[in-house]
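Take a look at the structures listed below.
Two complexes come next, and they have one chain in common, chain A, joined by chain B in the first and chain C in the second.
Right after this comes the complex of A and B.
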């Protein structure tokens, strides 16, 4: 375990969470204003998970993400300008405007793709882990998925094979209590997804997903275990999304109460971490304000970049559809 | 007849020590089975009224749904859960105190029992281990624990003969809510609570122990391997840690041995006050719990004012002597 966590690690964790929060808040507004086409599944509330896990990965390590993937991309090193451009459907986006919110990928950052298919990520990450082990590359692959995805056959098959071959893979279940609009108690009999780990032959751990340091410590142990060749781990991070399944405040559905949302906000990962950083003398209020100012400036720059970028042309329509072989 | 209380912590036995050590996983189906066996045992011994914490995972509720309950047996769920945190256990304990439960079955580790005692200090407990570091709760067959629950609820066993009052550490933290520990209180140089478990020996500053058990894991074993202190002793142990001191090789958590630099160790009589100050993080019963700021004062005192704990073996031997399970056809 970490013997002494540096100030830089602590401030980076905070910065990452703030970058995710502010990006998502602005993206939500732009969607509601009709500037961003299509639907966004926003990550507000779950920032501690992506930030705490990604702190232990390098650019060679791979991740697979979900339909709620912006936070993972930002924490893995994604920049605002190509992200906003992708959301706007512009040619300067990470996927040249053809992927949109749910399919951002970037091989240079090890982002094997967000994925609109619930449970689509685990087999991809497991396959990458198989390759990593086969090539003895020391890379680790991490797959993020939700409580709903943990019911899919694709998750079970990936977990089984990862454990069988002791692959360098970390399964991170972001249990936000709902599969879309269905409460966990209405879609699975177990209350802790981590309990399923024993059935595959891997360790399972429950983590407070609203505490970035709890996620950081657990992810450190899981990534270290994977990288050392000891095999996969299932980390279940109990978290909560403040916004609706889609958009900011959705269609007035009654699947959860305002009181429930407010109760989770009382445990907000960013606010509680900021209180800790100030109490321990790591940050001051002025330094915190500077972080927000810097992030907001980046966001405005990203939005301006996206809005001034061109759309892909008709000639680009069939480009990047099929892989036709590596160029020599 | 007074009621039996039932508390099952859904979060126990699942933390990071499954990864950093080789700790056992306690899945919630197993806890459910333990509750079921305990309730069957309690009913067999004559318990008629149960009050239970409505935990966020529905462990007790589901356990009761799987039992053929004889007529006349009453189960009552307390309101909740409110927070899906340790505060649910604290709240349940407060309500069980108001309802004057004769005895409470607590499933969890040291942390769960600490949370319960925060809500009801003068409780009478049978605590079964479903946690990680388990000094306070015992490993025992739930059916037998249930039999003891029933005997105590019926008032057939003299409490003085089978229950002992435990030690407790009261901790005052300047300008904040006080706290308690049932086994040990530790001041560390950590800066955050994080995954809670104490895993970094270099971060240990000092420990105050009610029990220093060499036949256990965790902080209690660090003291126990130097100067053992049992629950019966009318003193505790204070240990300071120092990288310049002698090295102690001890199990900080299940399956994890560490080399720890130990400074001084000293027996401390009950009632004596120990003082310290931040910065750091205070850990109670093996888990980081409270962040203490620079210069923030800490005052600790140990006393024998903890909960009463039923000795299962003694209880069942008494029942045998009194032939409480022998019936004429």
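Right after this comes the complex of A and C.
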């Protein structure tokens, strides 16, 4: 582990990963129980990416997320109560129940939305980065997208423009090996999405997405580079989703082997980081237990909040289609 | 129908009727193939290509990257050069990703080339709300397509039509969009095993009536039928017309119905404003003005994106109750 990383940073990285893992596990159960409607694309397995990258962002920095967006929202500071409420479709949710899992967002936290459109994020993040440069702010935008999304034209156009204009933007590809049920080798001829960076004139970096410190360090360089005005980076994190594309089932799927899943779980980002923290004396088992207890209490509070919240009403349907307030 | 035939009647859900239609087309046309996201090994996220990879192999059931522009472009280029592609756009909402290939290339290539190119391309795509899939996975964009000279658009409301329209589309030498409905996938209907066509450009009267014509598009046909039942109890005998083909639109059947009933309502799942219902109203007043005894009513979704919350989606999607209310309004009941 790198030398001068503070205990606070380390424990925050851990806390964020645990918050994501436990939130997703509970959200998955609630979906299975029929309490949460619609489709949930869960982030379990990929926690190190969101946590490691977001450690370098502040509330003014922006992100664009994906259909698999809960982890990004949590790592960017999303609170459980309005998140659960959104998943329940309640009026107290982050999007007043209008967006749901695939559109969860919060502008105050710099979250420019999860996205139901694969590849929807990169151009928007590029636009936010353009704005950051235009307004001469020091903000950075980060776009998260999958290996599958790296085949959408939108990614390529955004990458080209971000490099051309030297925008403060970081392209984080979460390569979990699949786009839905199609393995990476069946949807692109490259092994490293990061190779594509060269075509746009930006650095491309490959990092182990199951190692939160590796992600943390690589993201630090990319965010620094963006913030300093040197332009974008494509950071590819090799990771894995433990669950199916939608829902919670992880094993016995036709498009991958259980052995493959097990092999990735052996390298679980949270477990290995916890072992490291204990070994380094940063954490004790008791402290770790406390983290889980605190997170679980938060989750219970969030679920209770969601369940006791009111649904939006028919009157809310036509609200927010247009801006109708005073001109800004 | 004879008893013998009835006994042999085979019920098939909408999803399997799609499979069978595509399968029979692939057996009939050597240069037909399916291309789209997760169509092969996964058999489509909706399951309607299950088994086709095993029968036809990956030369003819082609899994593509998530690249809708590329997928439609593949279809256009292949169709122009001797293939008969069946292109799958998983959700109709994803047309946004490839609307240039649809609107500026596929739709007008033949015209721009002075008839030089022929594009026998079929696009299957899934529309409709009702599963809490929110604003980008629930839309009905048929009016968008209907506005494009050069493409045909059909919307099967049932399993029989789904199979027959897919076969008709695949045999047509023009681009045809078959707009499917995700809430109808499990809905069974009687579907013959042999290959048959449902003609593109023909509406179907699914219930005869004398007092009021309800024109339903896609899944809304079933809501129209439910509304007709309720209205029957109130003494209103409704005729229900399944529009089936959006482009070309069968105004002949529509006008004939109006001449009988003198009143009409159009229902579609798409947003009411600018929806295809407006075109039907225009055609009816142009062609049957003297037969109309009342303004034509329209039921569609409110002018908002499709909401996620079940509480909102429920009131968003048009239903039988709203049809009944509007019909009663027209009749002053």
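Here, the second predicted complex is superposed on the first by the 316 of 328 C-alpha atoms of A that agree within 3 Å, B and C clash if a C-alpha of one lies under 4 Å from a C-alpha of the other, contacts with A are read in each partner's own complex, and residues count from 1 in each chain.
Quick note on the criterion: a residue touches a chain if its C-beta (ideal position, glycine included) is under 8 Å from a C-beta of that chain, and two chains touch if they have at least 3 such contacts.
Because the structure is predicted, anything quoted here is derived from the model rather than measured.
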First, second, both or neither for A:61, with chain B first and chain C second: neither
First (chain B), second (chain C), both or neither touched by A:174: neither
Touched partner set for A:244, first chain B, second chain C, both or neither: neither
Which of chain B and chain C A:268 touches, first, second, both or neither: neither
Contacts of A:182 with chain B and chain C, given as first, second, both or neither: second
First, second, both or neither for A:47, with chain B first and chain C second: neither
Which superposed partner A:26 touches (first chain B, second chain C, both, neither): neither
Residues on chain B engaged by chain A in the complex (per definition of touch): 10-11, 14-16, 18-20, 25, 27-29, 56-58, 83-84, 191-196, 199-200, 202, 279, 291, 293-294
Chain A-touching residues of chain C, taken from the complex the two chains share: 37-38, 41-42, 45, 63-70, 93-94, 96-97, 131-137, 302-305, 307-312, 315-316
Contacting residues of chain A [partner chain C, same complex]: 37-39, 89-90, 95, 97-103, 115-120, 148-149, 151-154, 179-182, 186-188, 254-255, 311-314, 316-318, 321
Chain A to chain B touching residues, read off their complex: 1-5, 10, 185, 190-192, 194-195, 197-198, 203-207, 211, 213-214, 216-218, 221-222, 225, 233, 238, 263, 276, 279-282
